[in-house]
Amino acid sequence: MKLPMILSTAFITLAMASTAAAEKVKIGIAAEPYPPFASMDSSGKWSGWEVEMIDAVCAAAKLECELTPTAWDGIIPSLTGKQIDVIMASMSITEERSKTIDFTDKYYSSPAVIVADKSMKITPDKEGLKGKILGIQASTTHAAYAQKHFADDAELKSYQTQDEANQDLIAGRVDAIQADAIAMSDFVGSDAGKCCEIKGQVPDDESVLGKGIGAGVRKGDDDLREKLNAAIAAVVEDGTHKKITDKYFTVDIY
Amino acid sequence: MSGLKEWLLPHRIVMLLLAVALVVWCAMNLRWDWIPKYTPLAVEGIWRTIWLLVVSIFLGFMLAVPLGFAQAVGPWYLAAPAKTFCTIIRGTPLLLQIWLLYYGLGSIFPLFPEIRNSELWPYLRQAWPYAVLALTLSYAGYEGEVMRGAFRSVAKGQLETAKAFGMSRFTLFRRIWLPQAIRNVLPTLGGETILQLKATPLVATITIIDIYAVSSRVRQDTFIIYEPLLLLAVIYLMIAGMITLGFKWLENRGPQKRGSV
Amino acid sequence: MESLELLSFSPPGWGGNLLRGLLHSLQIALGAFGFGLLIGLFGAYGKLNGGPILRDVLSIYTTVVRAVPELVLILILYYVGTDIINQASSALGYGRVEINGVAAGIWGLGIVQGAYATEVLRGAILAVPSGQIESGRAFGMPPFMLMRRITIPAMLSFALPGLANLWLIATKDTALLAVVGFSELTLETRQAATATRSYFTFFLAAGALYLMVTLISGFIFKRLENHARRGQLDLKGSG
């Protein structure tokens, strides 16, 4: 009786080990483009600052990574449901999210700004937004911030993707949008966003806006988290972070 | 077998008990702590869903009657456009129609800055006019087809008798043809109304806060996966149940014997 | 013309992406339609010949699916399905099982289609003249052979209009998967439109593609219906 048990246990362990070793790490990115961090060209290839960071971090951690585009508003359930192993989709480290998932150290930070048409005189605070229509992307720290601070003064419109919010800003359906400074400076600098400009940063609220952008892993997946932390530190230290940043931006975004 | 007796059969009693047990288990073991916080928003969402449903069905039906009539008896220059309209609406997904109207039109606004000063601008800015328009056109497209069959299904004898009585064409339409056509397809219209209810969640993708959008918001804020979706399904079941009961009442109001002349 | 360039088949034109999305949509629609037919067959037989419990369970199934929006059902089924598969595979010791969008779409849409197919097939089977089934039984045919040789061919002519409708519903419902994030024609259209800012061009192109599918399907189903109806009296001209 004992021998078959030992053999089957050994077999299963070997099978598990071999599947584990052969397993790629699935890095979840948002399926919706988010320039300049991640965007897709017509051949289906993803490129951008975050995509290059993912490659660099995976190389430093010696992991075989596979980019897995996932719908943004289902990305955390995808992680907890094991469809993906890591979230690297410009997700801010917040207390609320930390109740459900664990975060690595940050790999960049981006303050929250208000963007509006050049002709509009809007200051990035409650008084400036009084009576205005504010567009935000759902499931983001900006949505949480706007719901907490601006809900009484402005009318909030919630979009599935950042790009839809940008689109309605250009169309004039919303008076202003709140989003990441870096993505927004890319937007107002682009041809489509030439109508608009950044009006300034919103008053900080770390409990909602979080402390930087980190990679998300499942709760208790400490092994992977440590590997990624070490890799992020290595990438920052050896200058790869700066090298990638210089390709896209003029300032350091760490 | 009377209605109540059917429910007292042994296997039904067992199933009912099982269902009650399931509901109680769910109430005790799943996370429902988010409900108090989001109840006002949920009520607003349900109201918006029902409002969109009623308005789009009312307007859509008014559009469907001429569409159906034109196809049933109209000359070719009326029937052909009606048929084309219905074919296009029924041949493309509603989601595509909604996005085409909202984002497609939205993308041409910047090209015409004068629009922002016009009277219509407050309505063009908001999302609900587009939702009402898309849902109305969609309902009209499908019901136009249904009404076409309905108008043809009215027994010829009825129309001939009315003509023999000297009714004008409009009176004939108003008092004989249309009511009989509607009565013939009332069950189908009930089903189509429920289909329209099932179409309403799509407006959440153009920023309208209907009950589906509220459920999405709860899931996004709390990261709870199942409970909001389950409650959402129950809410839709209840609304659908009320619609079905409403149509059954409407059906019973009319004369039960179908005209056979 | 700029619009035509955008639609070209190879990069940087997005036409190829739209066609790839269309292919995914058709794959999912076909799979869901087939899966739904299978469920519908069992459901119809269950409702007609099954015991009271089976009939009640099937009634609950069809009622829930016909009252709850597909979007909600697809979401619930997706999470339930992936949960079950992950738990089963981790209990068995395998690693994570990959569930791609096409499979998840077929699973969710198929269950929705199954409820409608149950009703269509049930009505069609009821419409088969009972004499045909009785003669089959009198010949001593086993039930499976009866179903295969007599019931299914006979009910096809009654079922085809309903099934044609279901197929069209399947192709259009694949658009809902765009809201969940699975790659199919509507999602590809939105991505192309966002990347190039030419919303009208791409949404109209996608509409044209869907319309083509609808018209071609209508044509094929009409031929199928005529073939299934061969030998039956023509209803035209009788009233």
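A, B and C label the chains in the order they appear, each numbered from 1.
In this section, contacts are C-beta pairs under 8 Å (C-beta built on N, C-alpha and C of every residue); 3 or more make two chains touch, one makes a residue touch a chain.
Just so we're clear, the structure is a prediction, and the values are computed from it rather than from any experiment.
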Of all chain pairs, the one with the most contacts is B-C
Considering only mean CA positions as chain centres, point out the chain farthest from chain B.
A
Taking each chain's centre as its mean C-alpha position, how far apart are chain B and chain C in Å?
22
Taking each chain's mean CA coordinate, chain A and chain B are separated, in whole Å, by 38
Where chain B touches two or more other chains, by residue
103, 106-107, 205, 225
If a residue has to touch 2 or more other chains to count, which residues of chain C qualify?
79, 179, 197, 199
Multi-chain contact sites of chain A, meaning residues that touch two or more partners:
77, 81, 160, 164, 167
Chain C contacts chain A in the complex at 11-14, 16-17, 79, 82-83, 86, 93-96, 99, 179-181, 187, 191-192, 194-195, 197, 199
Show me the residue ranges of chain A that touch chain B in the complex, using the header's touch definition.
73, 76-77, 80-81, 96-97, 99-100, 133, 138-139, 143-144, 157-160, 164, 167-168, 170-173, 195
Any idea which chain B residues touch chain A in the complex?
103, 106-107, 109-110, 116, 124-127, 205, 207, 209, 213, 216-217, 219-221, 223, 225
Of all residues in chain B, those that touch chain C in their complex
9, 11-12, 15, 87-88, 90-97, 99-100, 103-104, 106-108, 194, 197-202, 205, 212, 215, 225-226, 229-230, 232-233, 236-237, 240-241
Residue positions on chain C within touch of chain B in the complex are 52-53, 56, 64, 66-73, 75-76, 79-80, 168, 172-176, 178-179, 186, 189-190, 193, 197-200, 203-204, 206-207, 210-211, 214-215
